[in-house]
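A, B and C label the chains in the order they appear, each numbered from 1.
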Amino acid sequence: MPVSRSLRTLADLAALVSGQVVGDPGTPIAGVADPRQAGPQDLVFLLDPKYAEAIGQSAAAAVVVGVEAPIPKPQIVVAKPRVAMARLMAAFAPPAPFTGIHPSAVIDPTATVHPEAAIGPLAYVGTNARVGAGTIVHPGVAIGRNVTVGAGCILYPRVVLYDDVQLGDRVILHAGTVVGSDGYGFVPDEAGHQLKIPQMGNVIIGDDVETGANVAIDRGTFGSTVIGRGTKLDNLVHIGHNDRIGEDCLIVSQVGISGSVTVGDRVTLAGQVGVAGHLSIGSDSMVLARTGVTKDLPPKSFVSGFPARPHKEEMRRQAALASIDRMRRDLAELKRRLDARREEPPR
Amino acid sequence: MPVSRSLRTLADLAALVSGQVVGDPGTPIAGVADPRQAGPQDLVFLLDPKYAEAIGQSAAAAVVVGVEAPIPKPQIVVAKPRVAMARLMAAFAPPAPFTGIHPSAVIDPTATVHPEAAIGPLAYVGTNARVGAGTIVHPGVAIGRNVTVGAGCILYPRVVLYDDVQLGDRVILHAGTVVGSDGYGFVPDEAGHQLKIPQMGNVIIGDDVETGANVAIDRGTFGSTVIGRGTKLDNLVHIGHNDRIGEDCLIVSQVGISGSVTVGDRVTLAGQVGVAGHLSIGSDSMVLARTGVTKDLPPKSFVSGFPARPHKEEMRRQAALASIDRMRRDLAELKRRLDARREEPPR
Amino acid sequence: MPVSRSLRTLADLAALVSGQVVGDPGTPIAGVADPRQAGPQDLVFLLDPKYAEAIGQSAAAAVVVGVEAPIPKPQIVVAKPRVAMARLMAAFAPPAPFTGIHPSAVIDPTATVHPEAAIGPLAYVGTNARVGAGTIVHPGVAIGRNVTVGAGCILYPRVVLYDDVQLGDRVILHAGTVVGSDGYGFVPDEAGHQLKIPQMGNVIIGDDVETGANVAIDRGTFGSTVIGRGTKLDNLVHIGHNDRIGEDCLIVSQVGISGSVTVGDRVTLAGQVGVAGHLSIGSDSMVLARTGVTKDLPPKSFVSGFPARPHKEEMRRQAALASIDRMRRDLAELKRRLDARREEPPR
């Protein structure tokens, strides 16, 4: 596992997450782990009380908890154990795999690479592109003309940034992600053939955005496709041209958003959702997995189904659907009974 | 925005699209733009009358219209403004980012690259491959053995063409697209393990085809997978082995087509559609978003739903479905009323 | 077609598949083909009796059959013609496109590449990585730190293996596949922003696994994401973090499996299926195309629909659904009749 092995004390780690130490503050910690694989210098996390006993029996050195637990090990008590876990795991992240500019990378002479950025083997940085401090560009990445990459970004292998793309700071793009491909715009010409509408806009990605692997984000036709600060995309997501996605959204794997869609802030689109073009989805909405959104959604919508409708309504509909075969039989029976009555003598 | 700034006159541009100039034919034009961002030398487009006033108030130098509009600016009047927009945008497209063969590219000595083709940094051209005139091969593209790429093509970064793939002229493949991967063919062996059926065919892509980013097009088992002239694929589309897609089709993002499917000409498969194997979809069919096609479709089909059915029928079905919970309640009420009658004295 | 032209006799080929020769055992065979394209030295396959006549009229030299057929050509008779086809096609597979280490590849000095492995142009092999005997690494592949690739693997162009990934023997990964990207794990921090949970695990892929193009397989948060021996993934599949997929499974194109899912052995997930997180799918289950799995499935399940239910039940439900519009009309008619009765004079 890629966990660095430099020792820290439990007290040092508690300070990173504003936690209280219970037990020996000098307990040496070398890494973080799942309780099932933990070694005697590993820190583990109690996220669900039902695992307390298993953690007690594990080899782990210490445990992070929300309230002091009946576990015979030193503990760090924090308000939010899951948030503390995220921060403590980050503290043990492996070092960057590259520093400086690898001799096999191709950097256009007009590009500006910050001296503290790392450009890995066989990467390409194009004309007038700029790469910020602390950014890590992995092998095989291709950065186009006039691209701006902020500070502290990670571009995993084979990411492609087309011309004019702008990335904020601390953006993470996983391998194979493509940013700035042409939007899907065609118009039938006089002969009925599809004529390409050139896509002259760009893509602007805010600070702290992350995408999964093999994501595709199209550039605007005119103007920009925008992904707001802090929004997280999962693998194999499609973002259409001129979409404007808000901040702190969660867009789960294989979601497809057609062109010119506006998504507010803190919206969740769960796995395999599809959104038709030119729609608006209000802030704080939750769109459940596999929903097909065909109309605008107001803020705080909570929808499912295809076409999307309020989830409670969809649940009632699903319950009725589950009994539709019985309904059909009941209906036939009622008809039979009513027909039988008609045939009674007209007394 | 990647728009070149060489000046042209309004009259020159009108000639490109067989338009009539209203106002000063010498008006200098430096680019095309969205009215909201247009500068004083930009040409804009009136595609919907409701934007006439906004365009009148914009900084734009001139406007392309379908009929002369009450806009106090020089105008180009054309029969089809959207078609004119496509052509005029293309006239202002940025120059190719590369010319010649970059020294970091690897060209097999048996490959033939036309002197007017451009091979970008860190691209690879394999044994006996041929690349035509005016074609642009972006960084990191990998072209396999015996591949033919026609003239005027654009292969964006990290496109992969497997051995024996044939591309026509003016083909555009966006970043991450894979052409010629093995089809999904396995057969259980004597021990029940899945044995690979080697995929010995290839892929043939016609003139003027475009694919989006991260598309996957499988080679034939024997023979060819074929994408017909002028067909346009969006991002993240899957094309199975031995599919034969016709001409001028629109295949929107995240569509999946199983193997051995035949699609006619001018067929639209909207976003997230799935098509089962060995089917035939007739020419001029429209398959709406998220439809699951499970049977052959005759020409001019207009279908939706899963399983796909005529869209009118699916609309009626959806309307009934929307009231299914009320139907269930009505049915219970009818049953109650009928039961109550039964219990009446038999007068 | 990429078929080598070295001649073999029919008898040699029959021996490869334990078949019986009918006719001249010395018949020279240069390749395998589809009957429609077969030349006079090609071997073809009779998989369906209805093609017997067409094969008889083809130019093919000989035919592989399940029982001796009335075809006037030399024959190889085998128990399982489709299995024989797979093996005989493999016997004519083209030679590897590369041998040795291409001078443009970048191999970290700490990496170990077996002398019989081939590393293609512009590929990268990272720190402490190991590549086994007979493995072929195509152009542009990126192999991270501490990765182990077994023997006889094929990594097609632009495959990415993140740090710590482990591949067994004879693994085939098609172009653009990403193994080991971060799982989708975030937790809201004190300010409501999504905080990344670092993904410290890895991916372990068993022997004889194959993936299609542009697949994305996430690493575990802690511990491993596992793909079992012999499992085959199609194009554009998403595998979430900490999934444990069993052996000999078939996971068809565009399937998405959320995190922490357990899939047994010999499970088929057909095209565009989605599986919610933390579920278990029992061995020998069949999940039909476009199914949405929302609950655990016992072994030998056969399900379809969304939410997934037993296929027979879903078929009845679909049949009822197909008549829902008539049901609605019948219900209205019954209500009218019952209302009419109520209005009868109270005789």
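What we mean here is this: a residue touches a chain if its C-beta (ideal position, glycine included) is under 8 Å from a C-beta of that chain, and two chains touch if they have at least 3 such contacts.
On a predicted model such as this, the values are computed, not experimentally measured, just so you know.
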| item | value |
| --- | --- |
| Copies subunit C and subunit B - interface residue numbers shared by over half, same or different | different |
| Cα-superposition angle relating the copies subunit B and subunit A, to nearest 5° | 120 |
| Separation of subunit B from subunit C, taking each centre as the mean of its C-alpha atoms, in whole Å | 25 |
| Where subunit A touches two or more other chains at once, by residue number | 104, 122, 140, 158, 176, 214, 236, 254, 272, 321, 324, 327, 331, 334, 338, 341 |
| Of subunit C, residues touching subunit A in the complex | 104, 106, 122, 124, 126-127, 140, 142, 144-146, 158, 160, 162-164, 176, 178, 181-182, 184, 186-190, 192-198, 200-202, 214-216, 218, 222-223, 236, 238, 240, 254, 256, 258, 272, 274, 276, 292, 306-307, 313, 316-317, 319-321, 323-324, 327, 330-331, 334, 337-338, 341 |
| Touch list for subunit A against partner subunit C, complex | 1-3, 32-34, 36-37, 80, 82-83, 85-87, 89-90, 92-94, 97, 102, 104, 120-122, 138-140, 156-158, 172, 174-176, 208, 210, 212-214, 230, 232, 234-236, 248, 250, 252-254, 266, 271-272, 289-290, 318, 321-322, 324-325, 327-328, 331, 334-335, 338, 341 |
